Amino acid sequence: MEVVVFSLLNGLLYGLLLFMLSSGLTLIFSMMGVLNFAHASFYMLGAYLAYAMGGQIGFWPALFLAPVLVGVAGALVERYGLRPVHANGHVAELLFTFGLAYLIEEIVKLFWGKQPVPYRVPDVLSQPIFTLFETTYPAFRVFMMVVALLMFGVLWLLLKRTRAGLMIQAALTHPHMVGHLGHNVPLIFMTVFGIGCALAGLAGVIGGAILVTEPGMAHSLGPIVFVVVVVGGMGSLTGAFVASLLIGMLQTFAIAVGASIGDLLRLVGIPVAPHGELTGITLAQIAPMLPFLLLVLILIFRPRGLMGARET
Amino acid sequence: MSDLELRALRKSFGSADIIRGVDLAVPAGERHAVIGPNGAGKSTLFNLISGAFPPTSGEVMLGGERISGRPPYEINRRGLSRSFQVTNIFHNMSVYENLRCAVLWSLGYRYTLWRSAAALKDAAERSREVLHLIGLDHARETPAGLLSYADQRALEIGVTIAGGARVILLDEPTAGMSRAETDRAVDLIRRVTEGRTLLIVEHDMGVVFGLADRISVLVYGEVIATGTPAEIRGDPRVREAYLGEEAA
Amino acid sequence: QTVKIAYIDPLSGPFANVGDQGLKHFEYMANKINEAGGIAGGKKVEIIGLDNKVDAKESLIQFQKAVDQGARFILQGNGSSVAAALVDAVNKHNRRNPDQRVLFLNYAAVDPVFTNDGCSYWHFRFDADADMKMEALTNWLAEQKAIKNVYIIGQDYSFGKAVAAAARSMIAKKRPDVKIVGDELHPLGKVKDFSPYVAKMRAAGTDLVITGNWGPDMSLLVKAAADANFNVPILTYYGGGLGAPTAMGSSAVDRVKQITEFHENVEGAPAALMDDFEKKTSYDLYYWRAKTLMEMLKAAADKAGSTDATAVAAALSGLEHKTELGTVTMRTDNHQLLQPLFISTLSDKVARTVEGTTLGFKTDYRIEADATRTPTTCKMERPS
Amino acid sequence: MLEIRDLHAYYGKSHILQGVDLDVGAGEVVSLLGRNGVGRSTLVKAVMGEVPPRGAIRFKGHWIAGLPNHRIARLGLGYVPEHRDVFPYLTVRQNLQLGVKNPRRPGKWRLEQMLDMFPNLARRADSPAGVLSGGEKQMLTICRTLMGDPDLMMIDEPTEGLAPLIVRQVGDLIAEIARAGVAILLVEQKLSIALDISHRVYVMGHGRIVFEGTPAELRANDGVRREWLEV
Amino acid sequence: MTAIDRALPAMRPVGVRSSPLAAVAPWLLGAAILLALPFVFPSRTGFTIMNAIGINVVFALSYNMLLGQGGMLSFGHAVWFGLGGFAAMHMMVAIDKLALPVPVFLLPLVGFAAGLLAGAVLGWPICRRAGTPFAMITLGIGELIAAAGLMFVTVFGGEEGIKGDRVVGPMLFGLDLGPQGGVYWFIAFWVFAAALAMWAFTRTPLGRLSLAVRDNPDRVPFIGYDPQRVRYLVFMVASGFAGLAGGMAAVNYEILTPQIFGALTSGNVLLMAFIGGLGAFYGPILGAVLIVLMQSMLSDYTEGWQLYVGLLFMGLVMFAPGGLASMVEGGARAVRRGDWRERAPAWASGALAFAVLAAGIVLLVELAFRAHGGGALRLAGLTLRPGDAMGWIIGIALVSLGAGLLRLLTRRGHDGDTARPA
């Protein structure tokens, strides 16, 4: 019982964190079609900026300023980096962001060193907010969930209300034509990219405090955000949201269950040795690979993802 | 006996019925034109015949055997080849490469990976013939994407006939061509389809009446009339549904 | 001329900070030796940092490079997995190139196998192995009658497994009544949030956690525990450094214990040295054994009057050496260093704090060098 | 309204436009005739900056050569390219909506109006434009540009692939657009319509203007017709 | 994702009608280079690096089969490399344990077989998709195998990996694989053989068809070919050669760890292929050389080497999207056309501008790295300390100068001048 409740909470938390991360990528990858491998790096940037500014101006202003700065950085990258590269197609863009990821990591090391930095949230947020089975639940985690949900809401409106979505989709196949109709495609792309990065930054401000803020943090979250977007379905924000939660739950429960493959097989009536090479592997060990398993299966059996509009 | 035959062919996308029961028989060696208003379903008909997608019901017979429901490459291997309304060639490859790729299967090379393509005499020869036939010898090594529109259309036809298919489907081959180019194209088509079965969609009546042995008129997914050019020209329904006054 | 010493450890990737910290230690100690006139009659020593990303294969590439650049001494510690590969590589190399033999000076890879079945004459270990440390930890546990349920969690590789194995057998011996309620291995350096594990521990009614985790795996673990204020004592191998203290809040005070050969509040720890070290490297002095290692290397080289690997090896094995904390000995039978060990607890009332926090460690026990001796199965073939 | 002076354009090394002068007055319908490959499309592309133009182009008094195309469009210059560039993944309706430059200030052409005019489009209003028939795409592109109510429309081969009946319709539509006060530069193959609806015609050959005059004059001038238009 | 295909530079129909000599010449040259190298770089280090390059050359070429030929962007090519490698490694162990009469020299063949087989099995579901779905599946498979690798300890050895000894079994050509030098000849042989085989592949009907599939997959079914089948076959062959490279790695390093399956390896090969240039067959070779050199040497000179690597990628992608090959081609074309004299100045000034810019950046970065803890920066006599402004000023000056020059040059490059009669 207890375990289930906490797994639910933790799953939810991790899921929402994933969503914060991937929501930005949904814009950049599944709408603009840019395979942005530096996305997690912008997330890291957000965390470090928040840490740095938090020291000067306090957490709350930083909570807003850091993402803005990251967004601006992103916009600049789009304008002076990706835009010229865009003409050479997606592989070029991809490699550009590859390089960018390196760059950002090194720059972070330059300024803040290789050690994790003591990035703490204000005490109001580190207070326990409620207690379940004598486990306290820190206010900050709840705060994070709220922010995530807000992000979802705002983005959703943004995409519904504005024509930007349409223009981007159109521009993917016929950029010139969209221009001929009097729409400033480059500007739209720059803005959207900037917003995407800002979202990553916001995720960083929060994720950095929940996890640890260190130069390796981007690297460790790299591919999984793509899993979320693709599993959710290209161009579908709701999809990304559901996928995040799904993956969050999947992983936490896998750990919670902790049964070994052998046990499971025996459950379904296949008698096997308890501690064989394969049968000895526990779900907990498999947990990290589950998202990718999901990714592969989805792409093979339902390439449009959970809620994808078009096939990737 | 008829080379290509459509039997009670139907196609609907979701709720929209596009092809509503088409029966058509094209005897071997006939040049048969399909005309009809925009959106009547002519290209869809071609897509069904060539296997781009399966019919909702009914069947397509090629030389007496059923081809409907088969994937396009199998249909093509059985000797039916089609061109596209919107030019559909290999833009980054040279004109010559375009043609050579188009002849390979018909010469039985399939997925060969132990012989150099350059060393295949017959393939080279056939490609050169076609190249000459469509009058693009001068552009042999030009990337297809850089050809002028008219030349691209010519190459489209070249790629379509290169495989030596018995039945040829051409979808608006002369669309967007000036009189001069059109006449050249018609001449080309006449030559390359010599002794083959041709099904052609055109809006240029000059071309249609000049080329076709028989004509079918497709309106909203149904064939409302089939006959010789003379009959069709005379048919009031056709005038009213399609030709308007022009043909008069 | 200079004696090149290759330091092969992660300098990039998730464990970069761990590797960097070690590198700074050895560079600092090398400088001290050079300032004091070098080794074997005035030769300067030079540390070459080589990045292996905690990957065994990468390490061998770096090993190749080290040898190519003329290094005859290899320092490595981060990851028994890597160490295993290096031991093998060094053996092969010394067999194939008897004229340019190489020594492996292991300062932290503590899988016991290297000083037992897998031991090599060319390998010397300057850190107490997982068993020796576990002996000490379990001796402490033996007295904690209140503790009934122990949860073991570790990284899924030889070292983590070694720790778990040691814990299981020794607890069974010393505290048959204690129940092992959890025995978990997680992928090395891949887990981002340990909350699920903590939830599990709590659900299992754990009242003591034992872990050999290090680097992010350690910091994230304690952090998750702190966030869920899961306040049971944790017995660690690496709770005292490598980024862990930064991550634990004050809630960890009096709960996180570590077993090490040193911490900054050990009686007899040379304050001047520690201050200078912090000033120069902006790290705390964590690897005391780095000092011991370099000093013993010097001693051996001086004794042999040469820096040739074979000669140094001969001098090193069995060498006795005095440090501020007591006398240490390099066992001849398996090349394992015997040195005093300390069990210490995180505290907020200490003279010296770590990693810029307000926390530091205070000694609970001191285990004398001889008391750490464990039986060995090592049969090493020595060069004739 | 649109003045082009000594316009040159290149594709890589090949010199396509070799100094073209051309004018379109307000509310005027002008046709640009010529064989395939003489450079008519290139001309309009150059005006929109899709091919880098060399020379002077003035629209409503603004020098527009080299401006980004969206700026040009916002000056009121509409462009319907050849080969039907519909947005395949968007529905017909969405395609038309994107034609509108500023949703807050809709122009004189209404979406419903368009759909009435072309029942085919109405029928497909909510299916992706990619599946439209060739002709339907053609109509869609014209309507889409119209939605941004331009003062001058450059239409490249509007009747390509249209059934005779529809060709008439399009002819009428263009005439109607013109009546609504929109100037039109029409690139056409089909002499019949071009000559019917336009006030002036240019004939182009090998990157130069080889004839300029009224339809009547062109009809009269067999020489030009034979040399530059027919076989 | 047609966008990917659109992205790719058209791969020239390699010497479709070129004379036989012209076709053979490059290979003679290549062979000559391979033979000469050991005498040019006789040091151990030389061999170590050259061997690494050799392995990556084969790996990168096999990758270009996928991307350059088939238009398939894969993030999991390391899988086939790794599986081939482990197969060879286990064979090596077996040769030792069971004293099999198999020469280690032939192990790459085992790798090839394993790669081919794995590609055939896993490739079946993978190749059902193209474009982005394909890319993402390969990403997933890569991560999956990488994670699984750590679990199946008996097969992949967990974190410790699997070790082997290459000086076992019968010798071939009396070649002793003990010393690095011996290994070089082994590598050289397989590099040449594999490259030749892969080049031949591009000329076969299947090779040509794969180009067509990359270019316009929708048209292919209507000329009688099944694009999915074409992709699948190309994928298999590419996997095979990746496996062969893995086999070479097994022999060279005598150890393999599951990390080999990781995104890092897959990312690297993508970089090598693209930086080298997908457009020409030899492109990936250049890429492999450059990247291996950088990764194995740069780190010795500076702490910030990854920063430079990052900048280099960004720079190359921006200014030489066609990769190194495209530069070479450009030069060659100019020479053929004989107008290289006119162009030379432009190139020279461009190179100069780059050099200045680079110098500036390097200076700044190095200073920054020394800012905390590090000592002073000594070059060409003068000593710069992060403390004082001097170095920074120079650096910034250089950067702005270089950037300015570049801008100027690129400006002149464009023919955007639009006359405006006053």
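Order of writing sets the labels: A, B, C, D and E. Residues in every chain begin at 1.
Definition applied: a residue touches a chain if its C-beta (ideal position, glycine included) is under 8 Å from a C-beta of that chain, and two chains touch if they have at least 3 such contacts.
Bear in mind the structure is a predicted one, so any value in this text is a computation, not a measurement.
Chemist: Touching subunit A and subunit B alike: which chains?
Modeler: Joint contacts, listed by label: D, E.
Chemist: Taking a step as a move to a touching chain, how many steps at least join subunit A to subunit C?
Modeler: Steps on the shortest route: 1.
Chemist: Please indicate which chain is farthest from subunit E, where distance is taken between mean Cα coordinates of the chains.
Modeler: So the chain farthest away from subunit E turns out to be D.
Chemist: Name the two chains that are joined by the greatest number of C-beta pairs in contact.
Modeler: Top of the contact-pair ranking: A-E.
Chemist: From subunit A, which chain is the farthest off, judged by mean CA positions?
Modeler: Farthest from subunit A by mean C-alpha position: B.
Chemist: How many angstrom between the C-alpha centroids of subunit C and subunit B?
Modeler: Taking the mean C-alpha position of each chain, the two centres sit 76 Å apart.
Chemist: Taking each chain's centre as the mean position of its Cα atoms, how many Å separate subunit B from subunit E?
Modeler: 44
Chemist: Can you compute the centre-to-centre distance for subunit B and subunit D, using the mean CA position of each chain? Integer Å is fine.
Modeler: Once rounded, the distance between the two centres reads 29 Å.
Chemist: Using the touch definition from the top, which residues of subunit C touch two or more other chains?
Modeler: 156, 187, 282
Chemist: By the touch rule stated above, which residues of subunit A touch at least two different other chains?
Modeler: Each of 113, 285, 288 in subunit A touches at least two other chains.
Chemist: Can you list every residue of subunit D that touches 2 or more other chains, as numbers and ranges?
Modeler: none
Chemist: With touch defined as at the start, can you tell me which subunit B residues reach subunit E in the complex?
Modeler: Result: residues 50-51, 71-73, 76-77, 81-82, 84, 88-94, 96-97, 100-102, 104-106, 109-118, 120, 141, 143, 159-160, 162-163 of subunit B touch subunit E.
Chemist: Help me check something: in the complex, which residues belonging to subunit E touch subunit A?
Modeler: Where subunit E meets subunit A, its residues are 1, 3-4, 6-8, 67, 73, 125, 128-129, 131-133, 135-137, 139-141, 143-144, 147-148, 151-154, 263, 267, 270-271, 274-275, 278, 304, 306-307, 309-314, 317-318, 321, 368-369, 371-372.
Chemist: In the complex of these two chains, what residues of subunit A are touching subunit D?
Modeler: Touching subunit D from subunit A are residues 163, 166-167, 169-170, 173-174, 176-186, 310.
Chemist: Once bound in the complex, which stretches of subunit D touch subunit B?
Modeler: Its residues touching subunit B are 11, 34-37, 82-84, 120, 123-124, 127, 131-136, 138-139, 157, 160-168, 189, 229-231.
Chemist: So in the complex, which bits of subunit E are touching subunit C?
Modeler: So the residues of subunit E touching subunit C come out as 43-45, 48, 52, 147, 150, 158-161, 163, 165, 167, 178-180, 253-257, 259-260, 296, 299-300, 306, 372-373.
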